[in-house]
Amino acid sequence: RYSTHSRGGVSGMEEILSRVVAPLPSYETRDKSPPPPETNSLEFMYFYKSLDKEDKLCFLTKLSQDFGVDHKSVSELALKLLDTQLRDLATILLAEDRLRYTLTPRYKQLFSHISRVEGGVKFLVDLRADVLEIISSKASDSPHIRDLNGALKSLLSEWFSVGLLRLERITWQSPCEILQKISQYEAVHPVRNWTDLKRRVGPYRRCYAFTHAAMPGEPLVVLHVALTEDISDNIQSIVREFATLDSDEDVNKINSAIFYSISSTQAGLQGVELGNVLIKRVVRELQSEFPVMAQFSSLSPIPGFSAWLQGLLSQCRKEGRAFDLLSEEEWKEIQHATDSTPGTPTVDSLRKLLSSNEWMRSERLCGVLEPVLMRLCAWYLYGEKRRGYALNPVANFHLQNGATMWRLNWHADTSPRGVANSCGIMVNYRYFLNETSKNSARYLQNKVIAASDQVLGFVSQFQKASKL
Amino acid sequence: RYSTHSRGGVSGMEEILSRVVAPLPSYETRDKSPPPPETNSLEFMYFYKSLDKEDKLCFLTKLSQDFGVDHKSVSELALKLLDTQLRDLATILLAEDRLRYTLTPRYKQLFSHISRVEGGVKFLVDLRADVLEIISSKASDSPHIRDLNGALKSLLSEWFSVGLLRLERITWQSPCEILQKISQYEAVHPVRNWTDLKRRVGPYRRCYAFTHAAMPGEPLVVLHVALTEDISDNIQSIVREFATLDSDEDVNKINSAIFYSISSTQAGLQGVELGNVLIKRVVRELQSEFPVMAQFSSLSPIPGFSAWLQGLLSQCRKEGRAFDLLSEEEWKEIQHATDSTPGTPTVDSLRKLLSSNEWMRSERLCGVLEPVLMRLCAWYLYGEKRRGYALNPVANFHLQNGATMWRLNWHADTSPRGVANSCGIMVNYRYFLNETSKNSARYLQNKVIAASDQVLGFVSQFQKASKL
Amino acid sequence: RYSTHSRGGVSGMEEILSRVVAPLPSYETRDKSPPPPETNSLEFMYFYKSLDKEDKLCFLTKLSQDFGVDHKSVSELALKLLDTQLRDLATILLAEDRLRYTLTPRYKQLFSHISRVEGGVKFLVDLRADVLEIISSKASDSPHIRDLNGALKSLLSEWFSVGLLRLERITWQSPCEILQKISQYEAVHPVRNWTDLKRRVGPYRRCYAFTHAAMPGEPLVVLHVALTEDISDNIQSIVREFATLDSDEDVNKINSAIFYSISSTQAGLQGVELGNVLIKRVVRELQSEFPVMAQFSSLSPIPGFSAWLQGLLSQCRKEGRAFDLLSEEEWKEIQHATDSTPGTPTVDSLRKLLSSNEWMRSERLCGVLEPVLMRLCAWYLYGEKRRGYALNPVANFHLQNGATMWRLNWHADTSPRGVANSCGIMVNYRYFLNETSKNSARYLQNKVIAASDQVLGFVSQFQKASKL
Amino acid sequence: RYSTHSRGGVSGMEEILSRVVAPLPSYETRDKSPPPPETNSLEFMYFYKSLDKEDKLCFLTKLSQDFGVDHKSVSELALKLLDTQLRDLATILLAEDRLRYTLTPRYKQLFSHISRVEGGVKFLVDLRADVLEIISSKASDSPHIRDLNGALKSLLSEWFSVGLLRLERITWQSPCEILQKISQYEAVHPVRNWTDLKRRVGPYRRCYAFTHAAMPGEPLVVLHVALTEDISDNIQSIVREFATLDSDEDVNKINSAIFYSISSTQAGLQGVELGNVLIKRVVRELQSEFPVMAQFSSLSPIPGFSAWLQGLLSQCRKEGRAFDLLSEEEWKEIQHATDSTPGTPTVDSLRKLLSSNEWMRSERLCGVLEPVLMRLCAWYLYGEKRRGYALNPVANFHLQNGATMWRLNWHADTSPRGVANSCGIMVNYRYFLNETSKNSARYLQNKVIAASDQVLGFVSQFQKASKL
């Protein structure tokens, strides 16, 4: 419908932008201005979608630079504000309000209008995904792009506030379209086929998603729950076991809710926290379905542990500090168990060993490695930080939510992926419901991690063993 | 649940506010701060609802004064911004962003959190209704209250943007709860009973409403449409005729869609334009149902005409300028027709005449008054302005939407209410679909009213007759 | 669409019938015959609906007489069957099957086809209502009409078997159309206005209906339930009390479910028992909503008691056996209380007294009458029979369902209607869930009425007092 | 719940049956009898499902023999009926009604009760599937079993009458559970994977199913339609083409509706015609969606053609009548094309050739075989009969519905399955809407097949070529 925009690259962009992005009305007439015609928004969307990656960068750069804030007006109003400081409050408040209004980027208005047309909100979510990709890939270091990102995030935060989200339980009765998306979005434990999927929405399982009125049929964040007797210590029993596929749930066997996968589906909603709210809502939902349910816990992967460990070993070897990590006996046992060729430093043998998943098949090696890897992993989760918060993103997520780092589980994910990522170790972040608020506040404000005795025990073993 | 707040008036308020309205996090930690517990929002809502009107005013005044913007920080940052003007853009942008952030009133955060709990959005809509009531009743002239209103309006505008609204057609199959509300909210032509209501959602009628995901079951703005052969020139045939109640619609008899009532239901959404968008959506809906439908028009009341006319007559009499309004012959005819007691000035007779609806029953009086009232009414609608826009609010609404002031109709609403309000005259604002955008822009920007020859004819008669 | 059937009365009917009611295919080709075109069914329906009452009778008589069973074939096949009695079983079975097939009335096929078109099932339900009306009004005593009724009933019984019924809970959220019907159909305690209706579907109330896939939006039988602390002993507290209209239900105050009204809505479904099944389903529904609910009871009217009593008094007077009903003291007290004019026989005074509802206002009269009326009423319910079953139809209904005649309640329905029908007395039929099957069987098979000690006490008082 | 039925085979069965299958009430009390408790039905269902195949046969034999009709009563009433022949009609009608009642098998009552419990209807559908299996596998030749089948069929016919069926359009938005079933039930062109399935419910396709109120979520008969420009002459373009998967439908490219697959899913509903009604309903549905659509046609497989042809060739060879089928030239060409070893009779070469699908790859062979196979196939479809109706079941189905045998298509199904079944030939049965009623009647009553000139041309070629 929007005829050929073949009016050559940059000038075409400029033409579109100057036509479509309306100037900010004057402060006085801001409530009197007619909204621009809907076709403006549609044209912008259509044009943007037709661009390739490179042109998008160029276009967004233009948009953010030339259609943002009018710096001159801002500084004038800032000056005026300072001049009013000794006057009455009404005058000050008015000056502030004018300043606030003038600090609105021109493109923010456009985004508001876009949000009103069909598919507009989804378009903006995807637009922000592009902006984030530009920033993280360092394709641009323009501060304007960063401002654009901020404006988008603040709008999306308003629209995706919880009052507008709808909790949906996904079952085998749900539309195929949604189930297919659930399957595609599952990032933690990939769905292999439709039987696998059917299992994940069948008896002894729950699958919940948030959807949004402006993006119907699109799950925004998905939480998979297993209903079990005890808190699960491995993922195989959850995603590989099909015995119960056709059975009816026996309520008496359900004491625990295990969150074994949570996936955000919209890159563009980064920083708009939905996952934590989803967990809270689901806990309430489960409590109303199972009034006596008392145990809520995640069974979480530990992405990055293996990589971190390899890095650590490599560094220790370089610095000749291998004994800081493992005791002499431990190194010896490893040497024995690996039959490493004489002359090879054991650190290298160990690194090589861990780079494949062969060792999992040897009971002896497993026996030797378990205590070592468990205490190293505990340290990785508990002790490694980034700006004071847990380095591991999954840990950081659950700790922010107020969970307790509760139990490390050996042989918990024996899939090739699980072994490669975290030597097969998984961790339960447990939600003690009457402690989560307190835990969350202490973590976010004071960076204190709530952890169980098991975890703290491993951490202290690590600290004794190493002089790190 | 929220135990007795009997901690005595003002100090109780202060205690609540200081506990519940969290301070703005520092700019650096703004993304790292945990949201306050939901119970804060619930406690605020519960407390506010328990207050009586006077205490609400006191409470809102406190909230707006003590939990708004930190003026000191703002002026410091304004100063800092001015200092950066010669530095690089990144620095300027950052200074602007800090300033923008600091201009956020503390209570705005609270409102965002409230919007997330169940019933929160509706609470804020109602809260704003209270604020508007305070402002319009002049219960307070605090500039802070005005700021509070501005902050609420901007939040509500985001949440009630069109992408989040749902168009619902209301029928006799709709939930009773909704139909009862439709009935209660109908302000233009009151619904008398359930048969009357059934008629308004039955054959040859359409009733549409916008609802919002965060306020389920609550129609926000309601539009009643009659499907007719020709553009209706009176309301009786629409709301008093029940012949077709059980008949099937004959598509061949449907050429026109008459918007005969539009009501906003939420006082708190004043200024958040929903009505115009609803009309546009409904036009689209009707076009898809009746592809050949060509005539869209309102049949609108003219509230305020009688009052304006009485005022005008009174003033003219005082100023002795009665002949500016009616010609000598006209005055004579009125004198004859009214048999006014000799000595009474005819202006007074006329004023008295128009203050009841007796004259409607006299054919002779009607004959005399029709040309006079029609041209006065045309002038009232077309010529009387407020800040340059049509004084009559209904006219202003449809003209903003791009409608044309199309036809004045004599004897169009013969109900007591209709005669009392506008001497029984009604007006069609007609929507010529390919002119509405242009009309809307011309009206809003240049204050030009699109009007038909009939209307302009009356206006010019008025101008000739009077020397006003 | 089906053009003017002005082809004059009877011959027009005959023409239609012979064209539309297809002959029964031969036994051999019965599975090979194409169904007649749908237009046949539509034409029949259209024609029938256009007839007035008298013509309907004529038409149905023709249909039942001339398009029923082929008696000649039947008797031939009956003869043939007798001839096969000494042959092998296969031959006998075949002869039986042919006979069975030939006993199918021709019109039964037509009805099957009608059931397949839109609105067809509803048409047949209404058709049967007409047939029943003909029979009960003795407009015809044709045995063919009775056969027609039998055939319709057997078809309707199949279609309205429980597997095809859907239990719907009616609330204020239900479509207005359904609620309006619920209101119209309520025969036991008429709904006065929409607030009254809202009450009956609001908190502490439940309203359930069966609907049928072939008659969407049409409640077939409606049950009103009040949720109370104790088993209600009067109807005022249920239908006149609005205190709880906006309150939330407090589960702790709900111990009893009182069925206070059950109405069948389709005259044509007489004899197709839906009410009993509805009560059973609702009990299950309530048990799942309130797992600890233990008391289920009706609060039922006693239609016919007053009329029966007047008849009895009149007869006793005629036969001079007044003392068989009331003791001498009782008669005296009544004489005193009524101040009856000397000379008037007290029986007449009593009859007159009971024919209005004045006596309800006199405490003294109430005191005198209570014991008398209660024991007479107990006898009416328990002792008066028709073919061995309870004469009172409401009693018969609940006793068939297995309820126990549990408690007579004085001053239980003080509405004019209630006093006129049953001197204000109502009765609880209580459902002891683990006795209903047994009770039902004993009542239906052995005509034994399960009754409480209270009821049996009154009955025995009656038996002692009277020599009836 | 229904405790161990380990009471040993036959005696256990007898015990259950005599307890659960209630005797027919006497004619007089037939409306007065309480229904047996629901647990009877549940116990019967539970018991039957627990039996293995052999025991089911034994059980059903007992049920049908010992709980059918009371032959003695039947013959007595038949005798009585004959005695009444000279009496008044009321007496005759009553005797007939008694006889009719007595001809009801006892088990029919049981089935009615079973239909009322949850899952009961589905149970009976499956029970009848077992009965049909017993009959067709000749596991029993008991005439009682045949009677049982008849009784079940007549009940199911009532319950599955069209008024109770619901047409559902299946899309990618439909519940996964239904789509999985659609996929499993597709017998004509098997669904290979979920993308394939998505295609069949996506743009330019329609998929419709009948469901029934008593068997929710269970499609009973499924019709797949392709929306095309012209009447499709091959199936590849329908089920193998994915180009349009994400496109929007262009209404201007839709002139034809091609029914390319229709599958019944419930073996137990054999003889209860749903497929024909579904086609009619879908035609109406499509006409309302595409008012100008003018071409409706199937694209149908020809199961059995290859087998029939092999049989024919084999027989001709035996009887030395090969020249009756193909002309001398044709045989010669085949000989050349096949390079058949000298000495091998060409008939054998041809049979061998056709038994694999190699020949499809040779253009020469295809050229030689096309005219031969097309005329043989036309004859197979048009000329081969069973009891006067088309032998081929698919042809018989569409001809009964009133379709015209319209076009044979060469190379229409080149899948291995298609070549193996019908040498890759498919046929269009075309629905000329204003001829279907007439065609259907002529076919069913007079066994006349409506066919196009193309088909009749092939048939006449065949007749000329052969002396069959």
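Letters A, B, C and D mark the chains in the order given here, with residues in each chain numbered from 1 onward.
Quick note on the criterion: a residue touches a chain if its C-beta (ideal position, glycine included) is under 8 Å from a C-beta of that chain, and two chains touch if they have at least 3 such contacts.
As the structure is a computational prediction, the values presented were derived from the model and not from experiment.
Q: Quick one: compare the interface residues of chain A with those of chain D and tell me same or different, with half as the dividing line.
A: same
Q: Round to the nearest whole Å and give the separation of the Cα centres of chain A and chain B.
A: Distance between chain centres, rounded to whole Å: 43 Å.
Q: Quick check: how many Å separate the C-alpha centres of chain A and chain D?
A: Each chain reduced to its C-alpha mean, chain A and chain D end up 53 Å apart.
Q: Could you put a whole-Å number on the gap between the CA centroids of chain A and chain C?
A: Here chain A and chain C have centroids separated by 63 Å.
Q: Which chain D residues sit where two or more other chains touch them?
A: none
Q: Going by the touch rule set out above, what shape does the chain contact graph take here: line, ring, star, complete or other?
A: The chain contacts form a single closed ring, each chain touching exactly two others.
Q: For chain B, which residues are in contact with chain C within the complex?
A: Against chain C, the touching part of chain B is residues 172-177, 179-180, 194, 198, 217.
Q: Going by the contact rule set out above, which residues of chain A touch chain B in the complex?
A: Interface residues on chain A, with respect to chain B: 31-34, 37, 69, 71, 74-75, 78-79, 81-82, 85, 89-90, 92-94, 96-97, 99-100, 103, 112, 115-118, 120-121, 143-144, 146-147, 150, 155, 158-159, 161-164, 166, 213-214, 271, 277, 400, 437, 440-441, 444-445.
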